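Structure record follows, encoded as structure tokens.
As written, the chain order gives the labels A, B, C and D, with residue 1 at the start of each chain.
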Amino acid sequence: MEKYLNILNIAIYGSAVLLMLIGLYGALTKKSLIKIVLGLSILDSGVHLLMIAIGYLKDGTAPIFSPGNEDKMNIMVDPIPQALVLTAIVIGFGVTAVALSLVIRLYRHHNTLRIDEIKKLKW
Amino acid sequence: MVGSPVLFVAIPLLAAFIIPLTGMMWKNSVRVIPGLVLAFMFFLSISLMGYVNEHGTIVEVLAGWKPPIGINLVFSPFTGFLTTLMTFLGFIVWLYSYKFKRNVDFEPSMKYFMLLMLLVTGSVGIVLTGDIFNMFVFIEIVSISGYGLTSFYTRRDSAEAAFKFLFMGAIASTFLLIAIMIIYSQLGTLNIADIAEKMPMMDHKLKVLSLVFFILAIGVEAEIFPLNGWAPDVYTEAPGPIGAAFAGIVVKAAIYASVRLVYTMYDFSGAFDLFIIIGLITFIMAETTALRQDRLKRMLAYSSIGQMGLVMIAFGIGTKEGVYAALFLMFNHAIIKSLLFFSGSYLVFNKKNKYIKHVNGMGKYLPITSVLFTIGAFAIIGLPPFAGFWSKLAILTAAADNKMVVLIAVILIISILEAVYYLRVVNRIYFYDKKEKTEPKKPSLNALVAMISLGVIVLVIGFYPDLISGILDRAAADLLDKGNYIKDVLTLNK
Amino acid sequence: MIYIILTLTLLLLMIASAVYAIWQKDLLYAVIASGILSLFLSIVFLILQAPDVALTEAAIGVALTTIIFIIAIRNTVRFEDEHDKKKVKTTTK
Amino acid sequence: MKKVIVLISLGILGFYLIDIFLGIGFGVQHFTAGVKDLYLSNSKDTLKVSNVVTAIVVNFRGFDTLGEVTVLFLASTALGGILYKKRHHVGERSVLFPASRVVMSGAKLLFPSIVLLGAYVFIHGHLSPGGGFQGGTIIATGFLLMLLTYRNYSVSHNRLVYFESLAGILFVSIGLVGYFSKGSFLENVLPVGNMNELFSGGVIGIIYIAVGFKVAAELTGIIYTVLHEKD
């Protein structure tokens, strides 16, 4: 069992970091504004996975004292990262919505989504 | 006690939720209520400052849970000083822009004032909170209202500036989350005082890496050198008063956050050298770039970034004199840069690109505004009878006490550059002839009152620096007394 | 054992849809792929004993974010390299 | 060239991240003196809330949630400002695809159950997984379904504003009641009741219902604003 946990250890953290890197890569290199916002949202997903993974406890149960579960306090997974991720997901959605509305307005001005044709976004 | 720190957040949020309702009945309420709220916040902070001076730091517990379980707000001489400064500036910005967009549709003005109020609230929240994740939430509040305010003008390229800001801000917020999670995974707490107490338990490598992530994240709002790409565009494209709000309020809050981390949370001294290096690079890069600008607001933006570099240097010196100088600089910069943004936007009003050459000969047409701009320019360079002189003197003294000769030399040389580009503008105002036919816009009464009150503060502090030095002294002592902060929060002698 | 294989498969699918979302030139497909990513992510959250987060991710990540992206694409252009027709017209004139 | 620089810096970042988090470890207790146990035991004994995440989100760290709700509020405000057009004509809604009769009747059937599900989720937020954010989002997806299916289905903007504002005011007022009666903002003022009953947890349930209404109204507003964005 130890060995498998080790595999999961690498797999979960690895895929969270990989998701972040994929998202960042998309956000930094892609030309389309929508792709950039998409990259940012994938980056967010990666961070959320990372945070939940930190709170996980091997063989843990969800942090809910449902009937019959009241005395399992010692094996409950950490609820705090979950609460933080909840907040972070909602905030991330707010940022994405604002970003997309900016994209729509940029399109209205420039009739293109390519950042190399929008002068100030070249940097 | 007259009030409590939680009202700094609760009242503006209550007002923000009420405004859409009252706006349906009485349209003017959307601009009046934020002003009342900001004025209330200012008076609250003054009255709490009085209390704090007599009875010591106030630690406010939220939801009835003592730290480290609950979130707490800390109103100490240091945070109180910053809160007072920010709420005052928030009120002045509101006063200046009271008539702003009066004649256009109702909806944009509602959004403008609401976002402005929440921008100030978020910044005050960053300063008051004693919890790193709560700080993240407030940083997001500040950022989103910042995006909204930057893209306020629909006719200009403001959406581009806002998108750039959003791009940096979104990446920064993920870095901030990573840093918070590293700390949480090691220490199991999110409370700043608790973290500070447990910090020696943490692995050294993780400590350094989490600090790096923190600095990368907060550096975006604090306009640290490689991360400040958004700042000049945002200052240029946002409405004039918002430039002042960014320079005076948001950046101050971000600097506070980084200072709180390095001074209170982390316990290794290498961070101070990091501050000096970052500050020096930011200072030199920004001031030399400012010299080459041909747009007024862009020049002011780079100058603002440069001043923030200077503040970082002063904090990096690490002694009490250094902190004193840094706080004095922050105070002066907030007041003077707002004055410059306010008067500067009237000098180039109605001009499309707002080039520096548009100020030519404005001395005759807008005498009061021009005089105020000149006062601001002289003050920020550090000419003797104005407020800026004392802060520059303080930082040079602090550096001299620590025998940092190179630092003194660099600051003096760069200050000359600063003088060159500001005096160039002043020269144009008074000794050039106006070329364009367009009539300059006369400032409205409320804007004039706002600018004159700032100008008076600059003059009064210039002649009587002792008026403020007591407050700054206490604030500096408070920041350096890390043990006291931890004790205040964790033992809670309310 | 099955549990581990399931988790690994989900993670793999997640990465694959992320790569697809970034690689695909057709923005609509890319956005759908990122919605699928969120779906897998929410199942992974469930496996990691975070039902609250899973529910939020399913509602916000899968439904709302995807739809708001689709609306944005609808209002702009569908392909990454595409120029708007209006613009092409003005350049040819 | 740019891609190479980006890849190199991403490689460095990835290396450090992997290094950090593999060092931290997965599935183990990372710290000894953390606040986790305090949260769990206080949630069970003092607040009598079974869903600890809800207890944290609404009570222990309720201030964060207030900020979070504000972020959504700000996002919808900023969105309206960004997409604002001078002549306030409500443009034709962009229809993603023409809905068939099956979809139309299906949506009509599904809509009430979706709203009911959302309401269930946020009313039982302190007992089972879910809560104001999840329930609110589910309700918003219900409205989204109707908006997408029916061309002329519209949501009264004023009504959304009423819901949003009143729910927000309720949230802050509950906080202020706690502040004025017990001396601490958002402090619980109601009896906590028994574990695993609907009326348990004191103000937590009420706050989460307010959050649910607010989130539903805000998200519907955001979708509505963006949907009507067509030149």
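Assorted remarks:
To be clear about the criterion, a contact is a pair of C-beta atoms (placed from the backbone, for glycine too) under 8 Å apart; a residue touches a chain by one contact, two chains touch by 3 or more.
In this text, all values refer to a predicted model and were calculated from it rather than measured experimentally.
Compared on C-beta pairs in contact, C-D and A-D come out with A-D as the pair having more. Here the spacing of chain C and chain D, counted between their Cα centres, is 20 Å.
Our note on geometry: chain B versus chain C, Cα centroid distance of 38 Å, whole angstroms.
Inter-chain spacing, taken between the CA centroids of chain A and chain D, is 16 Å.
Between chain A and chain C, the centres computed from C-alpha atoms are 12 Å apart. Contacts with at least two other chains are made by residues 133, 137, 140, 144, 147-148, 151, 154, 159, 162, 178, 185, 190 of chain B. Counting only residues that touch two or more partner chains, chain A has 8, 12, 18, 20, 24-25, 50, 53-54, 56-57, 60, 62-64, 80, 82, 86-87, 90-91, 93-95, 97-98, 100, 102-105.
Chain C has residues 51-53, 56, 60, 64, 68, 71-72, 75 in contact with two or more other chains. Contact between chains, using the touch rule, shows up for A-B, A-C, A-D, B-D, C-D. Only residues 5, 8-10, 12-14, 16-18, 20-21, 24-25, 28-29, 50, 53-54, 56-58, 60, 62-67, 70, 73, 76, 78-80, 82-83, 86-87, 90-91, 93-95, 97-98, 100-102, 104-105, 108 of chain A touch chain D when the two sit together in their complex. Those residues of chain D lying in contact with chain A across their complex are 2-3, 6-7, 10, 13-14, 17-18, 21-22, 24-30, 35-37, 39-41, 43-44, 50-53, 56-57, 61, 64-65, 68, 71-72, 74-76, 78-79, 82-83, 127-129, 133, 195-196, 215, 222, 225-226, 229, 231. Chain C meets chain A in the complex at residues 1, 4, 7-8, 11-12, 14-15, 18-19, 21-22, 27, 30-31, 34, 37-38, 41, 44-45, 48-53, 56-57, 60-61, 64-65, 68-69, 71-73, 75-77, 80-81, 83-84, 86-87.
On chain D, the positions that touch chain C within their shared complex are 51, 53-54, 94, 96, 121, 129-131, 133-134, 137-138, 140-141, 144, 148, 219, 222-223, 226-227, 229-230. The part of chain B that touches chain A in the complex is made up of residues 133, 137, 140, 143-144, 147-148, 151, 154, 157, 159-164, 166-167, 169-171, 173-174, 177-178, 180-181, 184-185, 190, 229, 233.
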